[in-house]
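I've put the structures underneath this note.
In the two assemblies presented below, chain A is common to both, partnered first by chain B and then by chain C.
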Partner chain A sequence: MNLKAMNLKTFKGGLHPPDGKEFSATKAIEVCPLPEEIIIPLAQHIGAPAEVCVEVGAKVKKGTLIATARGFVSAPIHASTSGEVIAIEPRLHPMGKALPAIVIKPDGEDAWDENLKGANPDDLSGDELKACIQAAGIVGMGGATFPTHVKLSPPADKQIDTLILNGVECEPYLTADHRMMLEATEQILDGIAILRKVLGIERAVIGIEANKPDAIEKMTKEAAARNIEVQALEVKYPQGAEKQLIDAITGRQVPSGTLPMEVGVVVQNVGTAAAISDAVRLGRPLVERVVTITGPGIKEPKNLLVRIGTPLQFLVDQCEGLNGEPAKIIMGGPMMGQTQLSLETPAIRGTSGLLIFRKEDLPRYEAGPCIRCGRCIGACPIHLQPTAIATYARLDLFDEAEEYHALDCIECGCCTYTCPATLPLVQSIRYAKAAILAKKRTI
Partner chain B sequence: MLASVLTLGGIGLFAAVALGIAAKKFAVEIDPRELAILEVLPGANCGACGLPGCGGYAKAIVDGSMAPNLCTPGGSETIEKIAHIMGVEAISADPQIAVVCCQGDNSKASLKYQYLGLEDCNAAQKVADGPKNCPGGCVGLGSCVRACPFDAIEITTEGLAVINRLKCTGCQKCIATCPRSVIKMTPLSTTTHVLCNSTDKGALVRKYCQVGCIACQICKKNAPESYQIEKFLARVDYDSAENPEAVVEKCPTKCIRDFSTGYPEGSSFSAPSPVKKPEQVA
Partner chain C sequence: MENRLYLSSSPHIHSGETTDKVMRKVIYALLPATALSIYFFGLPALSVLLICTLGCMGFEALSCKLMSKPLALADGSAALTGVLLALNMPPTSSWWLALFGAAIAIFIGKQVYGGLGYNPFNPALVARVVLLISFPVQMTSWTAPAPLGSGLDAITAATPLGEMKTAVMLTGKLPELAHSGFLNYFTGNMAGSLGEVSAIALLLGGLYLLFKKVISWHIPVAFIGTVLVIGAIFWAVSPEIYPNPLFHLLTGGLLLGAFFMATDMVTSPVTDKGMLIFGFGCGLLTVLIRLFGGYPEGVSFAILLMNAATPLIDRFCHPKIYGQTEAKA
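And now, the complex of A and B:
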């Protein structure tokens, strides 16, 4: 396939860090075995944490509801294997704090709950399908874990005309979505059909970065018959950020402080589409996901199908263990992932990858003064002035930082990555954002 | 030529007369006491009194809306002068100064992770609740140092904030910026303080800090009037501080320190001179 002839679309700004995909891109998805203990935190999605609805000692099956959604912007949580609830207590959460979690001791059978019933999506109305998605606890699988049913409920005055499927996977090292597109093509396309029915629209576009030619080829071949477009995109970070993806594919810019529905677009990750297909056809809630375990600190990088709640240490053990002394453990990708305090933390719904670096992989440079080169401004996909906002942040001048639109920052890290003075730009902007938001809450 | 001179001169004359009348008619009366008080206030605009600046405080004293003894940076000298101006009797408050209630520097308290981000305690606190295992200990990235208008705080070589007792004026700017409330206001006349801010149980404190309060109650046994254990942390009642030598000596983890014998290790501050009692200051 000639990618040059494909008219690659993209947005303005961004950059391309070395992507490290070669570690795991060719590794087929393997099913991760059962760990000795499953730790399922109650806070796994954006919105209110779920509310426990089982007691210690309860016997659960795979897919049994163990915590209910608390409000509309929330999601229910299900047991990811069969076994016994042995504790409901605070455990180390990927956020770095001890937060309430349900601990399950697997019985080894891994039997699905027999009450779970699938349905043919053709027999259900849009609203019934949406209820199915909500009950299955589907959240955005790209990593942000925004509850999917909320995205599928645009207010009546917002006309949606395009559904964009995010198969970009622009974060370096991660290959989970890439493998999903190759190995779960049918489920993804089925999920897209369901999403189109829920939203009542026809146009669906799958965006894929040009560094995954095999995925583009396979998706194009399979999608053509179902009237789904596949758009190849330039290899550039953060091409997979929602607003940048919409800009690249439709040419529409989402206004500051609003959601994609403002410009008539809904974006869903390809992994989410596959999960939706399972939720509707098989009645299976979201209890497992594909995680890329990779990085120079891992002996045998792999893509694993992991039960939610599996401790990270267990995942490392499945990949032949650590390759040297780990210096940094990151959940997610290297640009926006969350650094972990230990390998005791469990994989959760937003865990797209586990990335381990050794000390020798992490050169550190002393930060120098800003040389006014403007590289951060050129790289910023939101077209902000990172250096100005960061300077204000370091002087605690948060009103000024807000005037420079600090709150529009998507924290992609391009500015820090490109800064020749190695200034902590995105870190300063995050600091300013937190301070501005805290101030807004108190007023 | 003549016309322009007359026109401009005329405008000038008119404006001068008008301004002169306006100045008399719309004069804002300032209480001379307000100006006099502003003269004696330190002029640091530090906010210790609760108002943003010295001007506002001077006005508030004259209004009678605020007490004349709230300027901690000025000390009792200033308070007496203000009292003299206002014609009231000076009620000298025991000056309060700030103390960092932690001794767990990098050599004594263990870390949860190595923090490599922005050099700011508030930023570090947002990353998994700070890099220390202790939930209350000093982060040591110097947010208070930058906030102090009197250059009274330093970070020791081991990464602990220490406040110079001779320079601190009690303006509380450091307290406002500290994300962990580890800095507390204490009377200047007392030099013995509990330098721990962890409310964890003793066994847990022992795990992560060599100099934390383990709530063993020994201080309470030696000075039952002034020491209480509350939430697994020793608290001093400064009004009845008794028997300080024995308390300091018997404390098994040495988390109770007498500042008159010196500052924590790694500080460049020399031992403070014998503490001045409030009544001796003036």
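And now, the complex of A and C:
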């Protein structure tokens, strides 16, 4: 496939970290076996944590509702295998502290709940489809885990005209979405059709970075018949960030402090689209996802279809174990992922990857003075002046940091990555953002 | 095992392009010009280079020690200042002049402000200008090149820009050398400070820096472009007293200044727009000083004046932020 002829689109700013995808890009998705214990935290999405609706000792099937959504911006949670609820107690959460979780001992049958019924999307109205999506606990699977039905419910005054499917996967090392596009093409396209019906719009564009020519080719071939566009995008981090993706594909910029619907766009991850297809056609809630287990600290990197709640240690065991002594365990990618306290934590709905680095993979740098080189400014996809905001943050001058638009920062990490003085720029900006938001709440 | 895990907030990887590597690349980029200056001016040039570089490093170490700060030599900035200072000195400068320059650069130009990253003016240029004003005779004693192995003795000569200024003042007309000899200027076969002489070597280094993305094109292009355009306008108006823009380009310190001194990150604006304004200002001041000022060469003064304007430029030049379409820059 000739990518040069494809008129690659992109945004201004960003950079090119080494992509690390060679570890796992060619590994077909394997189904991860059943662990001894499944730990399902109640907080797995943006919004209020779910509310437990089972008791210890209850027998559950795969897909049985075990916690209900608490309010509109929340999502229900379902058992990811059949077995017995053996505890409802705080367990170490990927966020780094013990949070309430439902612990299930699998019975080994892995039997689906027989009450789950699928439907033909053609027979359902947009609202009925949306209800299916909401009931299935679908959340954004790119990592942000925003409840999908909320994104599909724009206020009446917002005219949506474009659905963008995020197949960019710009985070280095991660290949879960890449494999999904190759192996679950049909489900993704079916999910897109459902999303279009819910939104009542025609135009759907799948954005894919040019470093996945096989996915671009496959999606293009399959999508054409359904009137879905595929747009190849320049390889650049953070191409897959929502605002940058919208800019690249539509040329529209989401005004500061608003949501994509403001410019008539809804963005969904390709993995989310596949989950939506399963939720509607098979009636299956979101209980599993593809996770890339990778990095130099893993013996045999893989893409695994993982039940939500599977402990990370079990995932590592499926990949022939650790390669050397781990120094950093990261949930997600190296640019925006979260370091883990231990491999006891479970994979959750937002777990796109498990990345392990050894000490020798992580050179340590002493931060020096800013030499005003301006690289952070050139790399910032929002065109902020990270060094200025970070300086104000270090001096606790939060009003000044806000004047420099600290709140617009998307925390992609480009500034810190590129800083020759190895200053913790995005970290300082996060500190300023937290302080500014705290102050706003008290006013 | 697991109690030895690192916990930190993202990102977890770094480009590896650290300050010392940036400085080292600038020094590499200066190697062709340095080598050619040693070829044209021989051992005296080498000794100026060594005294300035080692002097700057020594004074840097001394200041760190006096101020009980960690030794900052590893960042390479002192060595770079030394090389740049040497390239701004006449080849036959005496050892004490070079050493004094190194002390000014490090103490007055850099460390009094707090060291790397905090100095408002380019340290090497501060030293050059202090020396030029304090020791005008020594700092304008130029010699014609006596290439290594040529057996020639160093003989006193004026720089092309100096000769032009004198001739225009005395006769009201440009001297012959403003119309010919461009090939010599291009290769560096003329009188001048160590680093001013070879256009080709400086261009090579400048392109390397651009290619390696150590510097962006904005300052050099705006600086050189402005000199060429304004130089061309004057030349078009009266070619008998104003030189060909090519003469502006190839003689004096324009290329050294535009690629290596004005692009000093610490003392130049941080935004693209700011850099364009900065480069334009440098170019404008350079031509005005060369054609109408008291000194034959204006690059150093132009850059220092624009260094002073840098905080102001940064204050008014902000990048256009995503999603702030209505906001004014």
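Here is the rule we go by: the second predicted complex is superposed on the first by the 443 of 443 C-alpha atoms of A that agree within 3 Å, B and C clash if a C-alpha of one lies under 4 Å from a C-alpha of the other, contacts with A are read in each partner's own complex, and residues count from 1 in each chain.
Just so it is clear, a residue touches a chain if its C-beta (ideal position, glycine included) is under 8 Å from a C-beta of that chain, and two chains touch if they have at least 3 such contacts.
Everything quoted here is computed from the prediction, not taken from an experiment.
Of the two partner chains placed around the shared chain by superposition, neither chain B nor chain C is touched by A:251.
By the touch criterion defined above, A:33 lies against neither chain B nor chain C after alignment on the C-alpha atoms of chain A.
Residue contacts after overlaying the shared chain place A:95 against chain B, while chain C stays out of touching range. Looking at the shared chain after the overlay, A:427 reaches both chain B and chain C. Once the two complexes are laid over each other on the shared chain, residue contacts for A:108 go to neither chain B nor chain C. For chain A, the partner with contacts to more residues, out of chain B and chain C, is C. By the touch criterion stated above, A:321 is placed in contact with neither chain B nor chain C. Once both structures are placed on chain A, chain A residues 96, 339, 341, 427, 430 are touched by chain B and, in the other complex, by chain C.
The part of chain B that touches chain A in the complex is made up of residues 112-113, 116-118, 120, 122-123, 126-129.
Chain A makes touch with chain B in their complex at residues 95-97, 339, 341, 364, 394, 424, 427-428, 430-431, 434-435. Contacts from chain A toward chain C in the complex involve residues 15, 17-18, 96, 172, 243, 247, 253-258, 325-330, 332, 334-343, 357, 362-363, 365, 368-374, 377-378, 380-385, 387, 405, 408, 411, 413, 416-422, 426-427, 430. Residues 1-2, 4-19, 21-22, 75, 77, 115-118, 216, 265-272, 318-325 of chain C are the ones that touch chain A when the two sit in their complex.
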